[in-house]
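So, here come the structures, one by one.
Both of the next two complexes hold chain A, though its partner changes from chain B to chain C.
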Partner chain A sequence: MEHYLVAMGVTAGIYAIMALGMNVIWGMAGLINLGLVGFFAVGAYASGLLTLKLGWPIVAGVAAGAVAASLVGVAVALITVRLRGDYLAIVTLGFAETMRIVMSNELWIANGTDGLSGIPGPFRQALGPHGFNLLFLGIVVAATALLFFLFQRLDNSPFGRVLRGIREDEQVVQVAGKNVVMFKVKAFAVGTAALGMAGALYGHFTSYIAPDLFAPLLTLYIKLSLLAGGLGNNIGAVVGAVLVVFFLESTRFIVPFIPEISAVQGAALREILIAVALLLILRTRARGLIPERLAQVRIPPSVPASLSLKP
Partner chain B sequence: MQCSVPLEPGRNSALLEIRDVTRSFYGVSALNGVSLTVPGTGITGLIGPNGAGKTTLFNCISGVIPPDGGRIVFAGRDIAGLRPDQVSNAGLVRTFQIARGLPRLSVMDNLMLYGADQPGERVLPALLRTRASLEREEALRARAIAIAGRLNLMRVIGNPASALSGGQKKLLEIGRALMAEPKMILLDEPVAGVNPTLAREIGEHLQALAREGLPILLIEHHMDMVARLCDRVVVMAEGRHLAEGRFEDIANDPRVQEAYMGRRWRNTG
Partner chain C sequence: MEVAQLVLNGVMAGTVLAVPAIGLTAIFAVLRFTNFALASHMTIGAFAGFVANTTFGLPIVPSLATAFLVSGFFGWMSDEFVLRRLRASGFVTTAIGSIALTIALENFVRFGFGNQMRGYDLPLRRDWVIQGLRVSPQQVENLAIAVVVVALLFAFLALTRTGKAMRAVADNPMLASIKGINSDTVARLVSFIAMGLAGLGGMLTGLDTTIDPLVGFRTILSVFAAAVVGGLGSIPGAVVGALVVGIGEELSLLFLTPAYRTAVGFLAILLVLTLRPRGILGQRAY
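Moving on, here comes the complex of A and B:
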């Protein structure tokens, strides 16, 4: 049971990193990116291939996974720059599916549907399964904490102010003198870097990745994390991700206690339970468990009396 | 912090010059080669019946909609076809007819967003909290407080823009434009939908700004406001410049009356 909890903690951490990345793009800048899992896959494959085939150290592989996902993020942002709302959602969803299908069929890249196995993990042999899981939990928690700290700074910076402005009214931000396209691309670059990093960590943890792991359902789980935790703030993103993983896993244990249902029905029931939980949260707390707060306004003690337009 | 308003030697020389600007939407032309000039001082009113093309002209000037043709010269530079952010950074800042405060941002953030040259808007300085970005933030905050104080928005500075009254939203529109340290501001119906007392107050703010050297071009439908505020009035009709001059002269111009009221039906039979 302890092993299981540790593995669940790692999953929660990886979900939290994805939720933090998604929050920059969706929560702050208001851009609906349904291609999350595609960037996650780019990070996982980039790091997996570089460490397996070229013998790169794992740290360098994870960094390269983040950079690769970020570059793809910039490309997708530039392609979709004129799209908003539903259209952006559809194109990014298409991007993620395209990634999955290309990786399934282009056998020369990463063995197609057989996937990549034997991706190295840090000190996997030396520590044994349980020790390795514990070490990885430490790594994932540290990575989540670092990203949380960095994204918190971004959120409270003038950069974050412009992104939140774009979310509210793009044209006003343009008239405010900001190059909106540039800011959207930057939001994608930063957010998708976190998604790629999560993917890379995932590969090194499980040692195996294959295209069917990167199905759209994962994107929806992260969206659900943000909605439940509170869209637009980093604490909400982390709390929501942990909650979603906890809920996904705990429903596993409820199902066997329900009499007269088969395993297939049980799996379906889990999905229903998750849907009901989301509905309950949205019904009672529409803006999530921890709603986004208005930035605190600080007024310096010496307030200039009046404004002169003259220099 | 500088908020200079360069007053060129010839005080009546045009700061904004619009020449033969055209724009059509799906074959319907909104602007039929409009030409007009706005001096670098005082308040210029832009009036005309509904559908005359006033707001379209504002959109073309501010870059929100690119013009199909013509020249728009601001402070000696052709700005036709530039993006809205480039026009604003050139010193020409507009407001919107329906006040568009960013609802989930505080009044303070709404104001500070319009501040130019903030290095903290780039990712790396934002992450590192560089000194330049923090100092610029303090300067912008001081300016925002000064503007909010001047426009009676201090009481609501920490409120979300969505919680403001209609009149306060109009004031915030003006305040945001001032934050950008403009050389000229374009106001699209600054008192539309505002109660008469507040409308008078907004008018006084505008007159004070103009006195201090900030030229204003405004669209307005309240003729008493136009008469009281504007030093000069330009009349547009059917996408063209129709007439211009002092309000009294304009009001008595039969062409203007015809544009507003329509042609009197004369029985020719």
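Moving on, here comes the complex of A and C:
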């Protein structure tokens, strides 16, 4: 049981890193990204291949995974940044699907659908399975904390304020003399770097990645995390991710108790639950457990007498 | 010769693809969001037609009509109860909601029918060979059905009062409402017709091969490619775009394996967005 909880904690941490990254793109800048799994996969494959085939150290592999995902993110953003957000939605979704097709068919890159196995993990042999999981939990928690700290700084910086401005009204930000296009691309660069890092960590934890693992459903889980926790703030992203993992794992236990239901039907039911939960939050416009706090500009009730113009 | 065969296949695949692509582009033109729920409505249509065809023993044409009506009904309902409320919060929320909706609906189908592949009850027929070109009678039938459906739709939009009202809302919602056109009615009608077309397209796609709950999601990239290449929001554009994507996907077989067929659609999207974002027949890039 303890073993299981530790593994669940690692999953929650990886989800939290993805939610933090997605929060920059969607929560702060208000941009859509339906291809989350694609960037996650780029990070996982880049790090997996570099450490496995070229013998890079794991830390360098994870960094390279983040950089690779970020570069792809910049390319995707640049193509659509001047157009309406719908095009970004289509291109990101298309990218994730194409990524999966390429990885399934190009055997020379990473064994196609068989996937990449034996990805090294830090001290995996020395610590044994349980010790390794505990160590990895520590690593993931540390990574989440570091990212949380950085993104919190980003959120409160002028950069974060411009992103929120773009989310609320692009034109106003443009009038204020900001280069909206550049800010959008940067938001994508930062957010997708976190997604890539999460993918890389996932690969080193499970030691095995395959195209099947990168199903579009993961995108939905992270979106639900953000909505449940409170879109637009980093604490909400982390809390939401933990909640969603807890929810997902608990349905895994509940569904088998429903009588006369096959495994496929159980899996379908779980996915319906997730999708309906997401729709309900969107529909009720609930702002999540920890709603984003916006700076309130205080307007004095009336002009002080000392300032009024004397006749 | 091989090229001629591929172009012929491409024209047939493209005509079938035009049916859901028109649905997508019509929703974008009138309701102004990209409805990813199109994927699950293609699946719903394919399975509704499957039940009509195999359980009730209906021939193909009435089964296709069933596919249109059932998925159209689902489209109307999902707009009425889910997407309409989201539209007020902007297109990012609506697009994400439509993705959640498509996963929910796809899994309802999976819950009922499971994951296995199924085929329609079709008479076995020998392929026709004309001047060295091989076509299956089923493909020709699909082509004819798709052409008739598209022609009916064009006539509806050009000649009837309701069709003109729909075009008016797409063109300028404010002016249309000043002229007394009820935009809610138009929204319902567009949702019904567009998702009906998606379902019809889903079944036409399935007639060629087999169906399973992922039939819609597998095709959606090609559908989006058709709509974007032709110009998102333009119905004639969707037809032209579907033919371009259909032929392009087939011609890609000259130097790529069939697995990359959908990737070709994505490539077409990237190419068009880089070179001519408003597409072949689109008026503006939004």
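Just so it is clear, the second predicted complex is superposed on the first by the 282 of 311 C-alpha atoms of A that agree within 3 Å, B and C clash if a C-alpha of one lies under 4 Å from a C-alpha of the other, contacts with A are read in each partner's own complex, and residues count from 1 in each chain.
As a working rule, contacts are C-beta pairs under 8 Å (C-beta built on N, C-alpha and C of every residue); 3 or more make two chains touch, one makes a residue touch a chain.
In this text the structure is predicted, and so the values were computed from the model without any measurement.
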Touched partner set for A:Asp169, first chain B, second chain C, both or neither: first
First, second, both or neither for A:Leu107, with chain B first and chain C second: neither
Partner chain in contact with A:Glu292 - chain B first, chain C second, else both or neither: first
Partner chain in contact with A:Leu83 - chain B first, chain C second, else both or neither: second
Which of chain B and chain C A:Asn179 touches, first, second, both or neither: first
Which of chain B and chain C A:Phe159 touches, first, second, both or neither: first
Touched partner set for A:Leu54, first chain B, second chain C, both or neither: neither
Which of chain B and chain C A:Ala145 touches, first, second, both or neither: neither
Residues of chain A touching chain C in the complex: 26, 30-32, 34, 79-80, 82-87, 89-91, 93-95, 97-98, 101-102, 104-105, 216-217, 219-220, 223, 262, 264-265, 267-269, 271-272, 274-276, 278-279, 282-283, 285
Residues on chain C engaged by chain A in the complex (per definition of touch): 28, 33-34, 36, 82, 85-86, 89, 91-93, 95-97, 99-101, 103-104, 107-108, 110-111, 114-115, 217, 221, 224-225, 228, 232, 257, 259-260, 262-263, 265-266, 269-270, 273-274, 277, 285-286
Chain A-touching residues of chain B, taken from the complex the two chains share: 2-5, 62-64, 83-85, 88-89, 93-94, 96, 100, 102-109, 112-114, 116, 118, 120-123, 126-127, 129, 133, 137-138, 141-143, 145-147, 149-150, 157-158, 160, 176, 178, 180, 209, 212-214
Chain B partner contacts - residues on chain A that touch it in the complex: 150, 153-154, 157-162, 164-165, 167-169, 171-180, 183, 186, 189-190, 292, 294-300, 303-311
